[in-house]
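See structure below.
Labels run A, B and C following the written order; every chain starts at residue 1.
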Amino acid sequence: MILIRGVTLFDGVKITEKPLDILIDGEKVVKIAPSLAVEGAEEIDGTGKILCPGFIDIHVHVREPGFEWREDLESCSMAAAAGGYSTVVAMPNTEPAIDSAPLVDFVARKGASLKGARILPSGCVTRERKGHLIAELGKMTAAGAAFFTDDGSPVSTSQILKTALYYTRDLGVRIMEHPEETSLTSGGQVNEGLASSVSGLKGVPASAEYIDVVRGIALSRDTGSPIHFTHVSTALAMDAIRRAKKEGLRVSCDVTAHHLSLDENHVLVSKFDALYKVNPPLRSKADVKALWEALGDGTVDALITDHAPWHNDEKDLPFQEAPFGIASLECSVAVIMDTWLKLGRPVSLERMLQLFTSGPASLLPARWGHLGRIEEGALADLTLLDLEESRDVDISSWNSKGKNCPWKGEILTGWPVMSMIRGSVFKKEI
Amino acid sequence: MNWRHKDLIDLDDWTREELNLFLEQANYMEELLNRPIKKVPALRGKLIVNFFFEPSTRTRVSFELAEKMLSADVVNWSSSGSSVSKGETLRDTAWTLEAMGADAVVIRYGAVGSADYLSRKLKKASVFNAGDGTHGHPTQALLDLHSAWKKLGNLEGSRMAIVGDVLHSRVARSNIKAFSKMGVKVILSGPATLMPTDIPSLGAEYDPDPRSAVKDADMIYLLRIQKERQEQGLIPSLDEYHLRYGATEELVSLAGKDALVMHPGPINRRVEIASEVADGEQSIILKQVRSGVAVRMALLYLCLGGVRN
Amino acid sequence: MPQEKALVMTQQDMFRILKRIAIEIVERNKGLDDVVLLGIQRRGVYLANRLKDLFRDIEEVKVPTGELDITLYRDDIPTLLEQPVVHSTSIPVDIAGKKLILVDDVLYTGRTIRAALDALMDLGRPANVQLVILVDRGHRELPIQADYVGKNIPTSRSEMVEVRVTELDGEDKVVIIERNEV
């Protein structure tokens, strides 16, 4: 039995201001009360910290199978738990791409029995992620797929996306669309605007994201099926999603830690350091501001990392030659909370915490519906957050194999200090 | 005044004062070109590697001449049969160059940011950017500045019209920086398909009509139009380009007879420039070439000559 | 700031010495035919101009006078404190067959003169080269001697001899300065 004493509790929806004691027995939260006395329980002092449901990141590139030198299920699980997450969703753009039930099953089984965070599989929308034919979405649903996505690319044609939306309507698994109109982004490297103009690099226009979001909204309307847009990075696309939500469409979206904290100036000021190369690209300052507004007004449903680990040999190249991606699983919570603090808390703390917990949980299939909240009898997936903890991003201590982190060495405030998965403490730094 | 730069990646952090000193130094270097013996021993014993991974005859030859006139030891490492074509990364190449004892590397490389990257990887050697993709070509800008300054004197308050494919032009990007630092107002012109989206961020203005753009210009700078822009569909045809944006005698006459006509070369006759203009009295295209050697001598000498603490 | 230790030449001394040297040059060259003055950048240039004026006054001859920058020929750049920027070289006549009078302010290690001779050889083939020096302070590192010496001033290596000319420094004088060890 573990007793966490004197914490501020965030139960997935709201914060209880008065300190509470929480008792965990086995895999479950068994008792929540102002003051508990339990003999023989291991005690954790939670004074001044916030106890939250285990954080959920629905967008992580685990790289296994096929690219285990960049990351694998084991290292990713440890990295996620160290970063404050108890559940992450693996993207299917591996080698082979996860486009069939046996492959989903492989990730689901291995992902459920790791030392750190659990890893849920997602499957491709199309076979081999090639965009020609829809994959066996029903079989993959049965095998435990949490999302269907061709992430890395958008679903190739409107017709295939429409088919997939119809087909998944009663499966209960959402399509996660990587919004990018590729005929506008081919060869693109940085945001179209300041960064492309100054660098001469091909720009990735905001309209490319907007057009694909509008396509997805229209097809969601046509099919009556929900759609989720991932790593939304522009004010333009956010506006379209906001309007669709107002219309009552089942449209959702997420935003990455880097798009909330970095902008295209970082590419220029760093003199083209490839650590800032990511897709979608770091956007304008105005876009970053719009993303924060969208967090506050309910347009955004979840915060993600889009953790994309690379081996240094692959990433340490001149900007134009380097691959896209930032590794952030072990610092993303602090990156977001530090930015939130520096901006003067532009969004309520409750809202921020929802976006790490109940927000993403609501997007998962019903079998994971119990995640993202704390109550007596709930699974003890917990994250203890300390908004006063300041420390540097020390990539040398990371569990992740990917060290391609633009915040390395930076001092950030607001860290997860303990993760509990299924009742066992992963990390205890109190 | 102490010369504080060891490298030249781009001209962002050069001040006007430094540019003025530099232009003067380049003049003295040009003096050397008139001597019976053009070689001086200033960089004797320095090893300079010309690392060229894009075809470039002019820039490489110009650098090589400058290096040889200053008595540096020169090694040309270019793309044919090189390790990069065999898949070696620039990082490994950088470490190889350092191990060979290079005092300076002149780099021409297709990827934006490659010169910045190389300078981060090299601990001691100077890095001179001879063109990194579509981003920068600072020695071209310096030689353009030098040849214009020699003709016009103080450039403060003068106007330069840059006409052509600004979008893909490292020459334009570096020139806008260099000339605007000297107080020149830069106006860009050309089809909107060949313009960057955020022109004010470059410190220039855009005028879609080349006729009004060149009006009252003291310098008309024509950019080279690559044939592939037509293949990419960014311009309908080279002929249409010439008709609408080419530097014809008529267009140049709108600027007045004292305006200088400039081009980084090699020129495409009857595309961005008519022969009558290229070979005409207002053209200083060949003077630009001559300035190129002098400017690169000044650069190498200032950054490599002497010892810094 | 380095301290002025001793005044070794006043404006009047400088004038007298240059006048004496001018006369010596005329004597040794039996007139001023084919004589070309060449001042070494930077202070040598001004001293050469003084000699040119003296020749005009004494002999009523206009001696061709040029300036020589030897920066690019130096081998002692690492020991200089300031970044050596290049100055103008301009030589008014073809030096082939001419009697070149090289003028510099201080003769010390001899390395400047070595560089100047290298530079001259690249510019043409004079009949002969003669050297005028305002102050010879010793400590030679190369076998070089001046033909005309204003004044021999024994110094220690920690001292500096500073020749000041009105055109650059606002006054004509020569002082010894103690180098402040940092």
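Note that contacts are C-beta pairs under 8 Å (C-beta built on N, C-alpha and C of every residue); 3 or more make two chains touch, one makes a residue touch a chain.
On a predicted model such as this, the values are computed, not experimentally measured, just so you know.
Asker: Using the contact definition stated above, find the chains touching both chain B and chain C.
Answerer: Where chain B and chain C might share a partner, there is none at all.
Asker: Quick check on this structure: which chain has its C-alpha centroid closest to the centroid of all protein C-alpha atoms?
Answerer: Most central by this criterion: B.
Asker: Let me check something: if the centre of a chain is the mean of its CA atoms, which chain is farthest from chain A?
Answerer: Measuring from the centre of chain A, the most distant chain centre belongs to C.
Asker: Please tell me the distance, in whole Å, between the geometric centres of chain B and chain C computed from their C-alpha atoms.
Answerer: The separation of the two C-alpha centroids amounts to 40 Å.
Asker: Can you work out the whole-Å distance between the CA centroids of chain A and chain B?
Answerer: 45
Asker: Measure off the straight-line distance from the CA centroid of chain A to the CA centroid of chain C, and report it in whole Å.
Answerer: From the centre of chain A to the centre of chain C is 75 Å.
Asker: Which positions in chain C touch two or more other chains at once?
Answerer: Answer for chain C, listing residues that touch two or more other chains: there are none.
Asker: Please name which positions on chain B make contact with chain C in the complex.
Answerer: Checking each residue of chain B against chain C gives 1-3, 21, 25, 28-29, 31-32, 35-37, 39-42, 70, 298, 301-302, 305-307.
Asker: Taking the complex as given, what residues does chain B use to touch chain A?
Answerer: Per the touch definition, chain B meets chain A at residues 9, 89-91, 109-114, 116-117, 120, 132-136, 167-170, 173, 196-199, 201-202.
Asker: Would you pull the chain C residues touching chain B in the complex into a rising list?
Answerer: On the chain C side, the touching residues are 69, 71-75, 77-78, 80, 82-90, 118-119, 122-124.
Asker: What part of chain A is in contact with chain B in the complex they form?
Answerer: Where chain A meets chain B, its residues are 189, 192-194, 196-201, 203, 205, 271-272, 274, 313, 316-321.
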